[in-house]
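Once you scroll down, you'll see the structures, which are given as structure tokens.
Across the two complexes that follow, subunit A remains constant while its partner is subunit B and subsequently subunit C.
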Partner chain A sequence: MLTPLNVILFGVVALLGVGFYGLLITRNLIKVVMVLQILVKAVILALVLAGKLSGNMGLGISTAATVIVADTIVAVVGLALAVQVRRRFGTVDVPQISTLRG
Partner chain B sequence: METIQYGLFLLGAIVCAYRAIVSKKILTAAIYLACISALVSAVLYLLGATQVAVMELSVGAGLVTVLLVYAVSVVGDDALDPASVVPKPLAFVMVGVVTILLGFMVFPAVEKNVDTSSLALSIALWKNRVLDVWIQIALIFSGVMGVLGLLSEKTPGRIEEIHK
Partner chain C sequence: MAAILVSLVIGLPWIGSVVVWLAGNKRSSFQHTTAVVASVLTAITSLVLLAFASADAVIRIPLGASFGELTFVPDGLAVSLTAIAAVVGSLAVIFSVDYMRGDAQLGRYYFLVLFFIGAMIGLVLSGNLLFTFFFWEITALCSYGLISFYNDDPKAVAGGMKALIITQVGGVGLLAGTLVAFAALGSFQVSDLLKNAEAIPAASLAFIAFSFLIAAAAKSAQFPFHTWLPDAMEAPTPISALIHAATMVNAGIYLLARFYPAFESVPSWTMSVLLVGLISATIAALSAVIATDLKRVLAYSTVSQLGYMVYAIGAGGVLASQFHLLSHAVFKALLFLAAGSVIHSVGTRDLRRMGGLGYKMPFVRNVFIVGALALAGIPILNGFWSKELILEVGLEHSSIWAYGIMLFGAGLTAFYTFRMVWLVFFGVEREHLHYHAAGSAMRVSLGILAVGTFVTWLLFGGLNGLLSTTLPFHEIEHESLVELVTAILSAPATWFALVVVAIGVGYSWVRMRGFKFFGGGALQPLVDTAFGFDSLNHFVVQLFSKSAERLRATQTGELNWNILGIIGGLLLVLVVLWMGA
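Now for the complex of A and B:
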């Protein structure tokens, strides 16, 4: 039976799959931040869906709001890190900056 | 009808996510990411989570896109994404297996009846999850520090100079 909630759950799983695939094939630091954003969007949908399924919609919404704030901060700090890495190393390619090891 | 709406919005989001990942230019990928945010916001709105939908639309499609465009403008020529280290067919198979397993694990959860009793958002946010609010305040302060790092014009020493 193809109910709306089944369709949403399928979308969540597919978005997570696309995000994991992106994490595996991406080398650019800025793009890694973008792929993390895709993964978090799937998680936000999953949290709201779980709230609806369990009857705690308020709890699902409040948790999703917290995740949105945390995700935005991750994006900001990640992009700041990428910009500083570009200025210091001259590249944002992850394998090339592996010389960071001490 | 509702199923078709959800299906169309989510299909659009998945297509945009794939295009964002495979596109060579980071700027194009940022635009696709904004599209995903808008489509996910529509789904959240239809689900009844209007507050989260507004937050997602303003933050995901607005703020994060602006920050990404600024970061791309700073990074410049390096914005092109190089070829992946992991072979793409291998990555596809690995992710496919994981996604199918995840689907088998989570789909039985929807078979349960939906409980319609709902806790008010104000009680959930300001009483049950008050620690989350404090954590959000702390996170926003760290985000301000992150923006300062992003906007900082000071150029740190290059790696060759550090080794000297």
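Now for the complex of A and C:
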């Protein structure tokens, strides 16, 4: 039952769960960026797993590498935006920012 | 050869539309020239295409596994409608050169007109239902843009919006029917649906048949969707001619005629089609009797004449409906364009302010009377032959009461047509209106259409030959022009109809003597509310806007709520998949 594949699958589901739960409850912009990162890590793991399962390991790993690059950019831009938002509005609380407007 | 012609007949107007648009509004004479050249070339190509009619697809473009092939099938039904759309459309474009002279936004105008003509041609030639739907939606979009062309006038914008919303109901019907047909047959090909209609389960086939009926009724402004067409009268008059005669409303008749063999066996489908036509023809004729706006009278008469075509299809007379479509396209374009030159000249559409204009505008009066005689069904104009053919089919294949009502409608048609003619061109001048003579481009279009009104019924043999040889599923008998003439002249139905028409004209004459043309009596409140259908439309619109207003509360724009929605949707999908598996 506890084969390596199952362990990885469990890891994917757990990371997804943590990520979605985080998105559901968090209001802090920096935390939003962090949980998005957790979600993307789940996706990377799932891509490698899919590559293994379909016997197409190379494709899975190369797609995962592409996602890593793309998601680093997302993280950098997201954090930079958070810094700007904090400077401008004095808060990183998402609902407050959306009611402030401008 | 046929493949090249088909590509040209769709491509030419579309290329022309882009060129006109890119030319920019500063070069207006170039825009006029390009539009006329593109539309006239399209018309010539469409006439050449008539010689290449065949039941087989001439263009096949594979679209991958799920969509099958995009095919274009130039069969008799398609090429005849292509010719009508292209020729009448090009005359409307020529007329526009005078009518729209000096308008600041010619680019938008001609772009939409040419795009509209191309889309209509694509609609009838397409052999793939999905693409029929795409072209169908393009025509809806263009009609919206053209009805609301004067977009600083709130009435025009409202009329365009109404047309768009109501014809969208029809679009949804067409899409739903198409998808069910695809689910049952695994193909979007029109020919597959016609060939394998018996193989489709009865319930699915009935769903497709009635969806297509809704689509056709919405597009052709038939009961209960007839309210958009009179409100579409805010458009520039050449556009009204285009929508009423060449494009748009013919699409619904085309759809019914195209799929008649497949749906014939569906229980009560033909009866429903017949009733839709009957009710539309009667309601619209009654409305036309008391309308006081010149263009509205013509709009109601279009709904009424389209009702005759739908009735003919319901009675099994596909040929009769297409013949009347041809006649109607010619004489209605003539009437609209002639009305357009009257309106352009005197600056009002109100019949109560016109009168006695015939002495000032003899040319327009003469061609208008030609169109009016055809609309009323007076021999030997084209409207006479086609309407008699419809009534004859109706007498043979539908109940006697339905025939009686249609006969009454023919009398009403004669009455309101002549009322309109008296009010515009004869009698006393009710108000002193400034006028100027029609321009030469207007005269060219009007002259061609007036000659056409006299002679297009001679094309019956050709139309019949096209339809009977290239439509394998329709079982249209071959009948020559001579046989038609003898059949109509010897049929008692013709003489009944002529008597009724004569009564209509006579009553109109009596009313004219007494100047009792305004005030509708008991009819007035009914017509003002479009026989209650305006309030029905209003109710539906209110229902949607109110529920949308309520649902707004769910759109908070907050991240957490959106995530909750996404996760909930995901869980729902998983549960459904798990339950299904």
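Heads up, the rule we're going with is that the second predicted complex is superposed on the first by the 99 of 102 C-alpha atoms of A that agree within 3 Å, B and C clash if a C-alpha of one lies under 4 Å from a C-alpha of the other, contacts with A are read in each partner's own complex, and residues count from 1 in each chain.
Throughout what follows, contacts are C-beta pairs under 8 Å (C-beta built on N, C-alpha and C of every residue); 3 or more make two chains touch, one makes a residue touch a chain.
From a predicted model like this one, the values you see are computed outputs, not experimental measurements.
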Which partner, subunit B or subunit C, touches more subunit A residues: B
Pick one for A:Ala80: touches subunit B only (first), subunit C only (second), both, or neither. first
Return first, second, both or neither, reflecting whether A:Val18 touches subunit B, subunit C, both chains, or no partner chain. first
Based on the superposed arrangement, let me know which partner A:Val43 touches: subunit B (first), subunit C (second), both, or neither? neither
Touching A:Ser98 in the superposition: subunit B (first), subunit C (second), both, neither? second
Using the superposition on chain A as set up above, list the residues of subunit A that contact both subunit B and subunit C. 20, 24-27, 95
Of subunit C, residues touching subunit A in the complex: 557-560, 563-564, 567
Residue set of subunit A touching subunit B in the complex reads 2-22, 24-28, 30-31, 33-35, 37-38, 41, 44-45, 48-66, 68-70, 72-73, 75-77, 79-84, 86-93, 95, 99
Contacting residues of subunit B [partner subunit A, same complex]: 2-3, 6-7, 10-11, 13-14, 17-18, 20-21, 26, 29-30, 33, 36-37, 40, 43-44, 47-49, 51-52, 55-56, 59-60, 63-64, 67-68, 70-72, 74-75, 78-86, 88, 91-92, 94-96, 98-99, 102-103, 106-107, 109-110, 112, 114-125, 128-129, 132, 135-136, 139-140, 142-143, 146-150, 152, 155-159
Touch list for subunit A against partner subunit C, complex: 20, 23-27, 32, 94-95, 98
